[in-house]
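Two complexes, one shared chain (chain A), two partners (chain B, chain C).
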Partner chain A sequence: MVLLWLMAIPLIGSFVVLIAGGRLAKGLSAGIGVIELIAFIVLLAHGPVALNYRWIPAWGVRFHVGADGLSLFLIGLTAVLTLMAIFASRGSFGRAYFFWVLFLEFGMVGLFESLDLVLFYVFWEVILVPIFFLLTGYSGEKGRPAAMKWLIMNLVGSLFMLIGIVAVAVIHAQPFGSLTFEISRLTDVKLGPAVAPWIFASFFVAFAIKAPLWPFHGWMPDAYREAPPPVTALLSGVMSKAGIYGFLRIMLPLFMPQLRHYQVGLLIFAVIGLAYGAFMALRQTDMKMISAYSSLSHMGMMALGVFSLTAAGILGATFLMVAHGLIVGGLFIVLGILEDKTKTREVEVMGGLNDDAPRLGAYFLFFALAALGLPGLPGFVGEYLIIQGLVAHDVVFALIAAVVLIVAAWYMVRLFQGVMQAQRRGSPIGDINALQVGYIASLALLIVFLGVYPAGITLHAAPSLYHAVHLVATKGGHGL
Partner chain B sequence: MQGVAEIVLLPLLGAITIGLFKGIMPKKLPGIWASLLVGISFLVSIGMDLKLASLPPGHRVISGIFFPWITGFGPAIDWRYYLDPLSGIWILIITGVGMLIHIYSIGYMHDDPHKARYFSYLNFFVFAMLLLVLAGNLLILLIGWALVGLASYLLIGFWYHRPSAVRAAKKAFVMNTVGDAGILVGLALLYIHFHTVSYSGLFRIFDASHSSAFFEWTAFLLYLGAMAKSAQFPLHMWLVDAMEGPTPVSALIHAATMVTAGVYLMTRLYPLLRVAPVLAYIVAAIGALMTILAASSAIFQRDIKKVLAYSTVSQLGYMFLAVGVGAFTAGVFHFMMHAFFKALLFLGAGSVIHALGGEQDMNKMGGLWRKMPWTTWTFLAATLAISGIPPFSGYYSKEAILGETFNLGHPFLWLIGAVAAGMTTFYMFRLFFLTFFGKPRDEKLYEHAHEAPAVMTVPIVILGIGAVFGGFLGTWLNHWLLPAFRMYKGAPYAAIQYGPLWTTGFTLGLAVVAFIIAFILYIRKGTSTNAATEKGVGRWAFNAWYVDAMWTYLAVVPFKAIGNSVRQAEVGILAGVKGLGTVVWDWAQDLRPLETGYIRRYALSIMVGLGALLAYYLIRV
Partner chain C sequence: MSASTALLPEYIVVVAVLVTMIAAMIRRPGGTVASWVALIGILGALWATIDLWTMHIHPAVFFNQSLTVDNYSLFVNVLVLIAASSTLLLGWTGEREHEEFPILVLIAALGMMSLGMVGNLIALFLGIEVLSLPLYVLSASHRTVLGGEAGLKYLLLGAFSSGILLFGLALVYGATGTMNFVDFASSVNVHSPLLAAGLMLTLVGLLFKLGIVPFHMWVPDVYEGSPMPVTNFMAFGTKVGAAVILLRLLAYGFYMSPQDWGPALGYLALLTMIVGNLLALPQNDLKRLFGYSGIGHAGFLLIGVAVHSVVGAKAMLFYLLPYGLAVIGAFAILTMMGTDKETVTISDLAGMARQKPWAAALFIVFMFSFAGIPLTGGFVGKLYLLQAALFAHQPGLAIGLVLGTFLGLGAYLRPLQAMFRTRQGESNMAGWNVNWSHVVVLVVAVVGTVGLGVYPTPVVHWVSQSANFFWLH
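What follows is the complex of A and B.
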């Protein structure tokens, strides 16, 4: 039941906020966020669960939801980061804003729980709506075109995926005659050589646009830049994970032969994206853009882990999804506070702000270090596992990834130093207040915990990934 | 488990408590609290070493697991600790010398408004270093390794208003990341092949293996980490810039902690060097190169701290030379002696700088011996030690390295090291004479100069005792370390052995000549500035052989260029997306006339379509 509650709480909550909201909207949403977090903890205590109801019997569509090691922590990430975003949002945005934030949470949780392709697709579309309104309504005048671009690109992806879903189900149904959309039952689908590449591509494009992976990131710079910082945190922290999650949840079980066939090409794509994002970040002067392109780079890293098709790489990608979500979410929130205080995002007109805001500086440094993958923090865990997976496949990719880690250290330190250190520039700002310290510090503590004890996640995630890994092992991959 | 955790966690506790409560702490508390915690950690370290000594030789390992770091696939990687005679030496030096530097800092940072932050960082530094040397596998070592890099970043950039400090901190961090990346890939390779990264597991495998290209490359990747941390060519320039931090930090970085991490790693991995002989020779060769390259730069510097910085790079070269040729005990011996005399030199230089109100240019010093007797005479002891004059400590350790290099059949490397030793004597006495003797060259600064307070001089004197008498520890060190080096294959010549008498005579002769030249130049003639740095070899050496420029042209510029071309590509991609949108928009515009709104038109098109479909099927059938 807790699975349903996890969806119901934000859904009901969003309408409660919409109706009762007013001045209390922010506090009310925070309360709902906390309840959702508690529900997640209950789920965590439960362990893997699943529910399977009939939904549209005529098409064999089922309401099949579940939380296993793969999705469990992404649900947790959604709960945590949504709460952080609510805290970081201005109360003056009004109740509609908080309605959409909670509605997005509903969509994300639903997406991560879905184990039926049609259900998955429904939630895939559901999350388009709140994000579109969050992008248009609460950002500058450039927000509208950014939102349009985002919507159109993602809709194109969705449509491709819809075609893919129908095709897979229909092809699967041919020998047996009964339609099913359940992922677990579709795994034995036999795709002929004529259709396989097209179906593969239709899913791939949808997921690559959502993540985004290079070169499907056309919507990303504008959307990340124009969105209010808490929304950017949600976009890059949670929503982007939907793409990678799609690879893990759907493509690994369904398209393993194709993945294996195109593996080298996919790895090259991913590694280009990894390097591309890092070098873009190096040459940006807008602090939000540095962080945005670093996020693109990390998406490439996760994709590398997935496409390494090794247990370590896939586990690393799973871990990095959670770690990166928390870290980049925190980073965007800190940058948002800075932007709020300084009214600018240009690194070149800032400097030495650590004098005014030492606490903010300390947390900024923390998130920057976490983002560059400092060993001891969770970003490193994911990167280590991914590099280990790549080494098993081909050491060249591992070496390139390692070089990009150096670039990451460079641009992140450059960002931090440019804003907080060196010559004092810009008008004085105040430090963060106790409430801000409270939620940022709790996020930081959680991140430290995951870095020191990643076994807490991998222990749970590994058995669920076993299925995917088993496929790898039997088809001649590296079992490690 | 008891004991090891305390050693590591006490300094961390200090860093956290000071960091959190610095606002409400009394002004003097952070320094005392930080020193106290490192002091307790030092006492526990002694206790642990005694416990280690009570075990039979050959079984002196205390290791275990705190909890798993990562599990799931394959063998777990744990938070594993490993205390053996080697790490036993390191923890003593880190906490012991570290404590002295903490105490000294209480005096040195007395007037700094941010001294609480300073002590928090300092404690964190000690914590990270202890984690590094007590780690029981390469992964936990890497965590400590990176945290040391972070600590150095924080401390080098402590005065973050100075653009030079910010630059130096960034450089240190990025160069250290190069090393981290090397270790990361190296350890992933080891895990993939052997399913373990713990020392004991790996060493058993190395013992059963023959040398191969795989081991050479893995060792190279790990050596890359050592290069970055221990300032080996070409990753050494950050260390010279690292003096941007407060002077006690330089003492901590250069002497007791950070830079010796690479020496520790390579010594720890002696079984790997056995199966990677080519890499071992490269380690030795680069070490020898560093001794002379850095010494040549030190000769021409004007800044007192820069001379010492280059001297550290040079001395690290000796340690790597020792590791590379297989003289492991000698390398550790030199590390210990270096910790004493180099910490002393930096703290002494700090006292001078403190007394002169922040002046670091030796051209403005001179004659300070009258004002600062304690500093002067302890500094002299350390100068004699680093110059390798018997019976001071450096003589024994340096001779051990050079002698064994010669004995093991590397006369050329020996010659380089011996010449560099002579140069060391020269630049150190140049520094000593310019700073403490001759006429004061800046009367105003000289007037204000004063001896440092006791809180600063007492640590210096204690270090002085080590610098003078440390050399007598050699025999004990042999006894202590040899069983550890016998546990696995790879260190047949680990014991300290001195070379033929004439080699010692040769280096000593060079040292005497160098001393006389320095005496004539800087006492008799009173030479002060170096016109020599304007041209020729002097200019190259003064600018550290333009390694920085090499980095700029070989790494920074190309990387920025890649960044720029990527930015061009990005413009293309974004334009492409927009273009795609425009194309669709144009199609839509073209199709608009079709949407006429007339029912008959629609009906007609439906009929045409239906007809076409029918025709298609008819033809097919």
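What follows is the complex of A and C.
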């Protein structure tokens, strides 16, 4: 039941905010965010659960939702980051803004819970809509082309994935004559050599666009730059994980032979993305763009972990999804506060702000260090596991990944130094207030906890990944 | 079962036409008596249809096989009655609609209803003409320059296509020696060139009504010039009538020789989906935009016919419902916006999100249903059509559907983004005219659209019962 409540709370809440709204909108949605978080804690206490109802029996479409080690912590990430984003949002945006934020939370939770392909696809497209309107309505004239690009690029991918979904189900139904869209029952589908590459590509491109992975990241710079900072935090923190989650949830069980077949090519793509993101981050002057490209680089890292097709790599990717979501979400929120205070995003016109805002500086430094993968913080754990997986598969990719991690340290430190240290170039600003310290500090505490006790996630995630990894082993990959 | 029972919905509409004529004669200027009478007639016919449905009748054949009452025709009745009642309600205020408006709507609805049940060539032609003639008059009923052009263009091209249709029907009769669809397959001349020519001309005549490329030229001009409620009726009702008769004719009369017409319809569907949606992209006039998008949707519908399978028939029949609900919803909003003028352009929508947030939200829902975004009925319809295309091993149609959807999305996003633009100069939201009748249409449309998207199961079930042409596979 708690699975349904996790979906129902933000959905009902969003309409409550829309109707009751007005001045109360921000407080009300923060309250709903807290309730959602409590519901997640209840779910955490429950452990893995699943529900399976009939939805459209004529097509074998089922309302099959569940939370296992793979999705449990992504649901938690959604709950935490949405709450942070609500705190960080301006109350003056009005009720429609908070409606869309909560609706986005509904869509994300639904996506992470879905175990039926049609249901998954429904939420996959539903999450496009709130982002489209958040970009269209709340980020000025430049936001509209960004929103257009966002929706159109993502829909190209997902519409072709829809053909792929129906094609898989139809091919699976051919000998027996009954349709099913449940992922667990489709795993034994036999794709002929003529159609397999096309169906594989339809899924792969959809997930790669959503993540985004190089070279499918065309929508990313505009959307990340133009969105209001809390929305950017949600985009890069939660939304981007949907793509990697799709690889883990759908592609590993359904397309293992194809993944094996194209593995080297996929690893090369991922490693190019990793390096491309890092070097692009190095030459940006807009602080939001630096973290946007660093996020692109990290998505490449997660993809490397998945495509290594080893237990350690996949576990590392799972862990890094949650860790990176929290870290980059916090980073974008801090950057948003900075932008609010200085009215600019250019690193070159800032500097020396540490004297004015020591508390803000401390949290900024914390998130920057977490993002570059400082040992003791969770980013390091994920990256370590991924590199371990890569070493087991092919040491060349591990070497490249390690080199890029050094570049990551470079651009992150450069960002922090440019803004907070160095010569003062702009006018003085005020420090963050107690409320801001409150929510940023709790996010930081959560990150520290995951850094020193990663087993909190990996112990839960490993059994769920066992099935996927088992498939890897039986279909010709490296097992544990 | 006697004809008077099985044809009760149609008889009710016929009686309603006569009573509405009398009511129109005694009505005061601006009065709504005639509209009330017509609406009650439609609701009565709807009640009779549902009653017949619950009786689980077997297909009943009347008048020497010219009319067949089965679940298919009953489902079509429901669609047509929704279209007709929404048209009446949108044209309710009576300031610009004349006395003949409800009468003509009822007669056209009768033609559409009969198209769902015809089983022979004469009834087919009569149905098409009963549908068309009132619409020729209705499209010019506002007596504006554009309206006159629309009416004349519709009349001339419509008459031309009727001529082609009639010629085709005559050739089919000549080749087979029978008027009844079901006897075509058993006639001796199954592969005669005469029959092929007759079938081709018949299809051209019907595809013209459906608005399939390359017979689509009249659609945007007629939509643009016609009064808003009439455009709504043409966009929904005419599509229903033309699509269901096409399916009935091919599934009953030519099921033995799908290789003669299936590929041709498949290519036309492909062409229509792409061209219709592509031409919708640059439109600024929303009625023209809906005209071109309606062409694109006709292409989607044609997939269901072209694949020649029972899944295809069901998918086509299903798709008509979410499409129609989105049409009546969108036109309800346009009618509310522009009662004093004929057209609404995209720039007229500027500032709507701020000034009329609820109307803007509903408009978003209808546009998303057109575009096939999940949680709206349009998505479920597209999913059904995709299944039909892939079960028939036609990935080309599936890809065409996706490309068409994608192009259409671009067209629907422009009005949506315009709503968020701040308006330069004075607001045009003052001319809003919200009547209870508009609200009724809006509520039905939005509940139906979202309901179909969230829980389509009952409708999928009804459609399965309706389009179960068991001899298809």
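FYI, the second predicted complex is superposed on the first by the 479 of 480 C-alpha atoms of A that agree within 3 Å, B and C clash if a C-alpha of one lies under 4 Å from a C-alpha of the other, contacts with A are read in each partner's own complex, and residues count from 1 in each chain.
Throughout what follows, contacts are C-beta pairs under 8 Å (C-beta built on N, C-alpha and C of every residue); 3 or more make two chains touch, one makes a residue touch a chain.
All values reported here derive from a predicted model rather than from experimental measurement.
Aligning the two structures on chain A places chain B and chain C in a clash.
In the superposition on chain A, A:125 contacts chain C only, with no contact to chain B. In the superposed model, A:152 makes contact with both chain B and chain C. Of the two partner chains placed by superposition, only chain B is touched by A:455; chain C is not. By the touch criterion defined above, A:331 reaches neither chain B nor chain C.
Once the two complexes are overlaid on the shared chain, A:235 sits clear of chain B and of chain C alike. Looking at the shared chain after the overlay, A:259 reaches neither chain B nor chain C. After overlaying the two complexes on the shared chain, residue contacts for A:376 are found with chain B alone; chain C is out of touch. Between chain B and chain C, the partner in contact with more residues of chain A is B.
Contact with neither chain B nor chain C is seen for A:322 once the two complexes are overlaid on the shared chain.
Within the superposed three-chain model, A:215 lies in touch with chain B and out of touch with chain C [touch as defined at top].
Chain A residues 152 lie at the interface with chain B in one structure and with chain C in the other.
Across the interface of their complex, chain A is touched by residues 353, 357, 368, 373-375, 379-380, 382-384, 386-387, 390-391, 395, 398-399, 402, 405-406, 409-410, 413, 416-417, 420, 455-457, 460-461, 464 of chain C. Residue ranges on chain A touching chain B, taken from their complex, read 149, 152-153, 215, 217-219, 221, 276, 279-280, 282-283, 311-312, 315, 352, 354, 362, 369, 372, 374-376, 380-381, 383-385, 387-388, 391-392, 395, 398-399, 402-403, 405-407, 409-410, 413-414, 417, 420-424, 453-455, 458-459, 461-462, 465, 469, 478-480. Against chain A, in their complex, chain B makes its touches with residues 19, 67-74, 76, 139, 142-143, 145-147, 150, 153, 157, 160-161, 163, 166, 169-170, 173-174, 177-178, 180-182, 184-185, 188-189, 191-192, 195, 559-560, 562-564, 566-567, 569-570, 573-574, 576-578, 581. On the chain A side of its complex with chain C, the touching residues are 54-59, 96, 118, 121-123, 125-126, 128-129, 136-137, 144, 147-148, 151-152, 155-156, 159-160, 162-163, 166-167, 170, 179.
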